[in-house]
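By written order: A, B, C and D. Residues from 1 in each chain.
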Amino acid sequence: MAGALALQSGPLPDWTAVSPALILALTGLLLFVIDSIDSDSDNTVLLAGLSTVGSLFAFGVAGWFLVEGTGQAATGGAISLYGDALVVDGMSLFFTLIFTIVAAMVCIASLDYVAEQRHQAEFFSLVLFAATGMTLMSMSNSLATAFISLELASLPSYALVAYLKDNRGSVEAALKYFLIGALSSAVFAFGISLVYAATGSLLLSDIASSLGDADGMTGILGMGVLMLLGGFAFKTASVPFHFWAPEAYEGAPAPISAFLSSASKAAGFAIAFRVFVEAFPLGQLPAGVDWVLAFQVLAVVTMTLGNFAAATQENVKRMLAYSSIGHAGYALIGLAALTAGGPNANVLGASMAHLLVYGFMNTGAFLFIALVEYWGVGTTFEDYNGLGARAPMACVAMSVFMFSLAGLPPFGGFFSKYVLFYSAIEAGFWWLAAVGAVNSALSLFYYSRVVKAMWIEDAAPTLELGSKPVGLYTAVIFAAVGTLLLLPAFQPVIETAQTVATALF
Amino acid sequence: MAGIFDFVPAIVLLPFVSFLVALAVGNRMPKGGAFAGIVATAGSFLLSLATFFTVSQGQTYNQTIYTWAQGLDGAVTLEFGLLIDPLSALMLVIVTLIALLVHIFSLGYMNDEGETGLPRYYAGLGLFTASMLGFVVADNLLMAFMFFELVGLCSYLLIGFWFREPGPPSAAKKAFLVTRFGDYFFLVGVVAVFATFGTAAFAGSESFPHLAEQALAGETSVNTFGFAAETWFTIVGLLVLGGVVGKSAQFPLHTWLPDAMEGPTPVSALIHAATMVAAGVYLVARMYGFYALSPTALAIIALIGGFTALFAATMGVVKREIKQVLAYSTISQYGYMMLGLGGGGYVAATFHLMTHAFFKALLFLGAGSVIIAMHHNENMWDMGGLKEKMPVTYYTFLSGSLALAGIFPFAGFWSKDEVLYETLIHGLGGSPILLVAYAMGLLAVFFTGFYTFRMVFLTFHGKPRSQTARDPHGVRWNVKGPLAVLGVLAATTGVVNMVPVEKLLGIKGIDFLHQWLDMSLDGLTAHHYAELTPYSSAYIGGEATTVAIGAAVSLGLAIAGAGLAYVLYNVPEPTEHTDKLGGIKTLLYNNYYQDEYQVWLANSVVRPISRGADKFDQGVVDGVVNGVSSVSLFSGSRVRRIQTGVVSNYAALLTLGLTVLLLGFGLLGGWFQ
Amino acid sequence: MSEWIAIGALALVAVGIPLGMMAASAILRPSVPEQGKSATYESGEIPTGSARVQFNIQYYMVALLFVVFDIETVLIFPWTVIYRSALSQGASLATVLLPMLVFIGVLVVGLVWAWRNGAVEWVKSPLAKRRKTERQDA
Amino acid sequence: MVPPEYYLVLSAAIFCIGLFGILTRRNALLFLMSVELMLNAANINLVAFSYVWGNVTGQTFALFTMALAAAEVAIGLGIIMVLYRNFGGVDVTDATTMRW
C-alpha cells in the first residue's frame, strides 16, 4: 500500500499502524509474565498502574495517529495489512480511542475494587486482552478476522464476569452471558458460512464485488446477512439478542459492567458499521436483502424495550443495564437511517460520536455503582437515599452522568443525541428521531429517580460510608470531567467522526 | 470600538458569578450570599439600562460569539450569539430589575425569617436569573432552547427548595416534568427548524423566519419533507409552541403552575413575573416573524390564549389561598399575551408582558409581605383587616390589583385594552375565530375584576378573622422598598403606550412602545410583522369609535367584576358565598340592595363554571397526564417480565426472534420462491 | 451411481471384517464363564465402589489445558502446508518463520503462567496449600 | 459431484439439531455440546464451499473455528465448574436469582 504513515520523523513502516492493539496485547502478556515470576504477589498498585499506563499509551498512540491523519484520505487512504485482513483507517482509530480510554478508567477503578481478591493479574490482563480484541474488531476487514476478534473480545469477558467466583450473582451472570454468547457466536459463524457459500469470499471488499453474481443464492445470502446481524446484535446488546445484558451487567463486578456496556458495545457497533457498509453496500444489494429495514426494526424495538423495562426497575444497576440496551437502540440509528445516496456519513458519524460520549457517561455511571458497592450500600433506589450529603463530589458526578444520559442540554449527552436525531431527520427518517425523542422523555423519569434519591431524600440513619477509595474516585471524576468537556469539545469530535465516516462510503 | 455591547455578556455572567459565589462560599458570607446576588443583579441592571439607552440611540447588535460545532457540508452549525434589539433590551431591563427587587425582598422573606439553606437559595436565584438573561439575549433557537432548559432546571431546584416537606418536592417534580413534556416538542421543533432551514438564527438575512418568508414567496426553496411549505411551517411552529405552552403554563399544560406555589414566595414572583413563565411568551415574540407566516398557527395561539385566559380566571374565583389566586391570575394573564400574539397584536402582547411583569411581581411580593405578617398562613379566610396594620403593603397591593383588574388608568388597563382591541379589529376584519377568542378574553375581564378584588377585600378589608390577623408580624424596609418601587411602576407604566388616548384625542407620537419596537433590525420590526400577519382590520363606526367602545366595554366589565366583589366581600364579616349554598339567604338578608340577578350570577353561573373548570382540570387534564405515565410504567412492568431469569427461555426467545426476522425478511424478499 | 459404488463397498467391507472376526472367535473359543472374567478391567486392581466418583479438580484443569493447547496446534497446520512453497517462491526465512515463532512464544508464555500458577500439578503441594489457606484466613 | 445444495441442507439440518438441543436440554454440558454441533454445521458449509469455489479460505477458516470452539469450551467448562460449586448442579435453569 502506498499509504505510509506521514509523521514528522518520516514514514513508519505500515505494520506499526496496528500498534495500539500491539501495545494492549503486550501489556497483557507482560502482566502474565509478572504473575508467572511472582505468582503470589498482590501488588495491586503495580498491576493496575501498569495496565492503566498501557491503555493510556495505546490511547495516546491512537490519538496521535488520528491527529496526524494516519489511514485517512489526506495521507493516502486506509492502510491494509495481512492480505487485507486488517485495515487501519480513521474509524478504527476513533473507536480505539473509545476502547482504550474506557479500559484505562476501568483499570484505575479496579485498583480498589479487586484489592481484596485473588488472581488480580489475571483480572487486569483479561481486561487488556478483551480491549485488544475490541481494537482488532474495529480494524477487521474480513469476516474471518471479524469472528476471531469478536471471540477474542468475548472470551475474556465471560471470565471477567465470573471473576467473583464465590458470588452467586457473578456466576449466574457469567453462565447466562456465556450461554447466550456461545449460541450467538454459533449463529454468527453459520451466517459467515452462508455468506461465504453465496459469495465465495470472506474479505469484505470481495464480498461486495461478487454480490452481483449471487443470483439464485439471494435467500442464502439474505439468511447469512441476518445471522451476521445477530452476532453483532449480541455484542451490542440489541433485541432479540439482548437477553444476557440485564443479568450480566447486574451480576458482574461493576467495573466489568462498565467495560462491557461501554467498550464492548462500541466494539460491536464498530464492526457492524464496517461489515455492513463495506461488504453489503446499499445500491449494489440484490433485491430482498434489505438490512437497513432490519436495523430500523431493531432500533425501534431495542430503544423502546430498553427504556420501558428500565422505567420500572428497583435496582439501580439493573436500571442502568436496561438503559444501556436503550442506548444501543439510539446508536443503531447510525445504521438504520442509511439510504443509497443519502447523507450517510453524517448519520454514521453522529452515531460514532454518541458512542464516544456514551463511553464516558455510562462508564462513569457504572463506576459510581462500583463505588457504592465498595461502600456496601444496597442496590435499590431507596438505598441511595441521602448519598448526596455523605459523598457530595461523587454524587455530583453521578448527577452529571444521569442528566447527560437523559440528554439534558448542559451536558455532553445532549449534543450527541441531538446531532444523532438531527442527522436521522436529515436523512428523511423523522419517525426514527421521533421514537427516539419519546423514549428520551421516558428515560428522564428513571434517571431523575437516582438524582432525587441522592439529593432530595433523607438518608437512613444507619447509612455509613467507609473510606474514599482513591482509584474509584479518580475514575469517576475523570469520567465526569470528560462528560463535561465533551460539551465544548464536541465540535472537533463530531467533525472527526463525520470525516472518518465519509471514508467508508 | 469597545461599546456597551461588549459588556452584554457580563449581564448574563454577573448573576452566574453570584451563583458560583453563593455555592462556594455562601456559608461563610453574611446573609448567606444575598449581598453577592444583590450586587450582581444591580450590576446587571445598570448594564441593562446602559444597553437600553444605547439601543434607544438606534443601535442594534447581532453577533455570533462562539461556535460549538462547525458542521461539514450540509451538516449543522451550532453557535452561541447575542441579539440585542429593542425587544431583548426591554426584556433585559425588566428581568434584571425584577431579579434585583426579588433579591432585596428575599432578605426580608428568607433571611429575617431565619430560613436555613440560604446559600442554596441564593445560588438558585443567581443561576435562574443568569439562565433567563441568557435566554433573552440568545440569537438562535438552539441557544434559546438550552437556556430555556436551564431555566426549567433552576425552577425545579427553587420550587423544591423546602424539600424536606412533602409538598414542594412533588410540586417541583411536576413543574419539571410537565414543562419537559412540552420541551420535547420544542426540541423536535428545533431539530425540524435545523433540518428545514439549516440554521436557527432569529435575525439577519440567513435567519429562519426570513428564509421561511422567502420560501413562501417562492424566492428560495427549503426542505419541507414533502409537505406544502405553509403546512410544514405550521407544523414546525406548533412543535415549538409545545415548549411555549408548557413554560407559559397555557392550557392544557398549566397544571404545574398552581402547584409551584409551594416554593418560596419571592421565587414565585420571579417565576411568574419575569422569568420562566415569561420565557414562553417571549419566545413567540422573538420568532414572531415565523409565526406571522402561518394563519393556522396564529389562530391556534389566539384560541389557546383566549381560552386559557377565561378558563384560569374562572378558577381563580373559588380559591381560598392568596397565592393560589395569584397563580391562576398569572395563567390567565399569560393567556392574554398569547391572545395578543395570536391576534396580530405583537406590540400589544409585548406591552402586556411588560406591565404584567411589574404588577404581578408587585402582587407576589405583596402577598409575600402578607404571608410574613400572617406567620406563613396563606388562607385568605384567616386574614381581613390588614389595611390598617400594614398600609404600605395595602396601597402598593391595591395599585397592583387595579392594574391586574384593568382599571383605568393603571398599567394593566392600557395593555389589556390594547390586546383586546387588536384582536377585535382583526377579528372584525374577517377572522371569525379571533372574535371567538376575543369574546372569551372579554368575559375573562369580568372574572379577573371579581377575583382580584375578592382577594383584596378578603385580605385587607373587613375585620380580622384570626388571632394572627389581629396582631400581624411587622415587615422591614427590605420588604417595603421593592413594593414601593413596583407600586409606582404598576400605576404608571401605562404611559409608554397610550394608544387609546392617541386615537381618541388625536395626539400623535405618544405610542412610544410602537416606535420603540419599530427600531429593530430589518425584518424584526413591528411594522414588518404587521405586514406579515394575514389579518386585515375593520372597525365599528370608525377607528376612534371602536377604540372607545372596546375600552368602555372592557373597563365596564372589569368594574362590574370589581363591584360584584365589593358588594359580596367588602363587609366586616364576609362569608363564603361561592362555596356555601346556604349562604344565599344570609346574603340577601345582609345585603338587601343586591338584586336577584347578582345572586343568580354569583351562585348559578360562576360557581358551576368554576367548579366545572376545576373538575375538568383535575379529572381530564391531570387524568391524561397521569394516564400516559401509568400506561408507560405498566407496559414497562409487563415488558420486563419477558426477562424470566431462566436462560433456556432466553435461548428460546432469541431463536424465536431470529426466526421471525428470517421468515419476515424471507417472505418480504422472496427468498423462498 | 458410478463413483459411489467404491465407497459403498468400502463401508460394507469395513463393517463386515470386524463382525466376521467376532463371529469367528465366538464359534471357535470355549466358553468358561467365571467371576474374574466378567469383572471391570482396572489394570489388575480389584474394583471398589461405584464408577460415579468425584474427580480431583486438577483432573479437569489438565483436561482443559490439554484441549486448548492441543487445538492450538491445528493452527500450525495451514502454516506447514505453505511453508516450503513460500520459501521456494522467494519469501525470506524471517517472513515465513517469525509469525509462527511469535505464535508459539505467546503459547509458551501462557503455558509458563499456567505452570507457575499450579494448573499442571497433578496434586497440589502441601506447602502451597498451607500458604493458600493462610492467605484466605488473613 | 454432489450439488452444493445438498451440503446446505445437511449443514442446516445439523444446525437445527444443535438448536433443538439448546432449546430442550437443561444440562449445561449438553447445552455446550449443542453449540459445538451448530459450529460444526458452519464448518461443513465452509469446507464444502471452499471446494465449490475452488479456494482454501473456507477450509482455513474452518480450522480457526475449531480452535475458537475449543477455547470457548475451555471457558465454558470453567464457568460450569463454578456453577456447580455455587448452585450444586449443572442445570442451567437453577440459576435464576436475577430476573425481571
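In the analysis below, a contact is a pair of C-beta atoms (placed from the backbone, for glycine too) under 8 Å apart; a residue touches a chain by one contact, two chains touch by 3 or more.
Protein identities per chain, from UniProt: A = NADH-quinone oxidoreductase subunit N; B = NADH-quinone oxidoreductase subunit L; C = NADH dehydrogenase subunit A; D = NADH dehydrogenase subunit K.
On a predicted model such as this, the values are computed, not experimentally measured, just so you know.
Following the contact convention of this document, B, C is the list of chains adjacent to both subunit A and subunit D.
Centrality by Cα centroid goes to chain A. Farthest from subunit B in terms of Cα centroid separation is C. Chain pair with the most C-beta contact pairs: A-B. A straight line joining the Cα centres of subunit B and subunit C is 80 Å long. In whole angstrom, the spacing between the mean C-alpha positions of subunit A and subunit B is 44. Chain centres here are Cα means. That of subunit C falls 20 Å from that of subunit D. Per-chain Cα centroids separate subunit B from subunit D by 65 Å.
Counting only residues that touch two or more partner chains, subunit B has 640, 643, 645, 647, 651. Multi-chain contact residues of subunit D (touching two or more other chains) are listed as 22, 60, 64, 71, 78, 92, 95-99. Residues of subunit A found to touch two or more other chains are 175-176, 179, 183, 187, 246-247.
Under the stated contact rule, the graph of chain-to-chain touches falls outside the line, ring, star and complete shapes. All chain pairs that count as touching, in label order, are A-B, A-C, A-D, B-D, C-D. The residues of subunit B lying in touch with subunit A in their complex are 67-72, 74-76, 78, 145-146, 149-150, 153, 160, 163-164, 169, 173, 176-177, 180-181, 184, 187-188, 191-192, 194-195, 225, 629, 632-633, 635-637, 639-640, 642-643, 645, 647, 650-651, 653-654, 656-658, 661-662, 665-666, 668-672. Partner subunit A is touched in their complex by these residues of subunit C: 106, 109-110, 112-113, 115-118, 131, 135.
Touching subunit C in their complex are the following residues of subunit D: 56, 60, 63-64, 66-67, 70-71, 73-74, 77-78, 81. The touching residues of subunit A, when paired with subunit B in their complex, are 175-176, 179-180, 183-184, 187, 218-219, 222-223, 226-227, 229-230, 239-241, 243-244, 246-247, 287-290, 293-294, 297, 305, 308-313, 322, 343, 345-346, 408-410, 414-415, 418-419, 421-423, 425-426, 428, 430, 433-434, 437-438, 440-442, 444-445, 448, 452, 456, 458, 488, 490-491, 494-495, 498-499, 502. The part of subunit C that touches subunit D in the complex is made up of residues 57, 60, 64, 67-68, 70-72, 74-75, 77-78.
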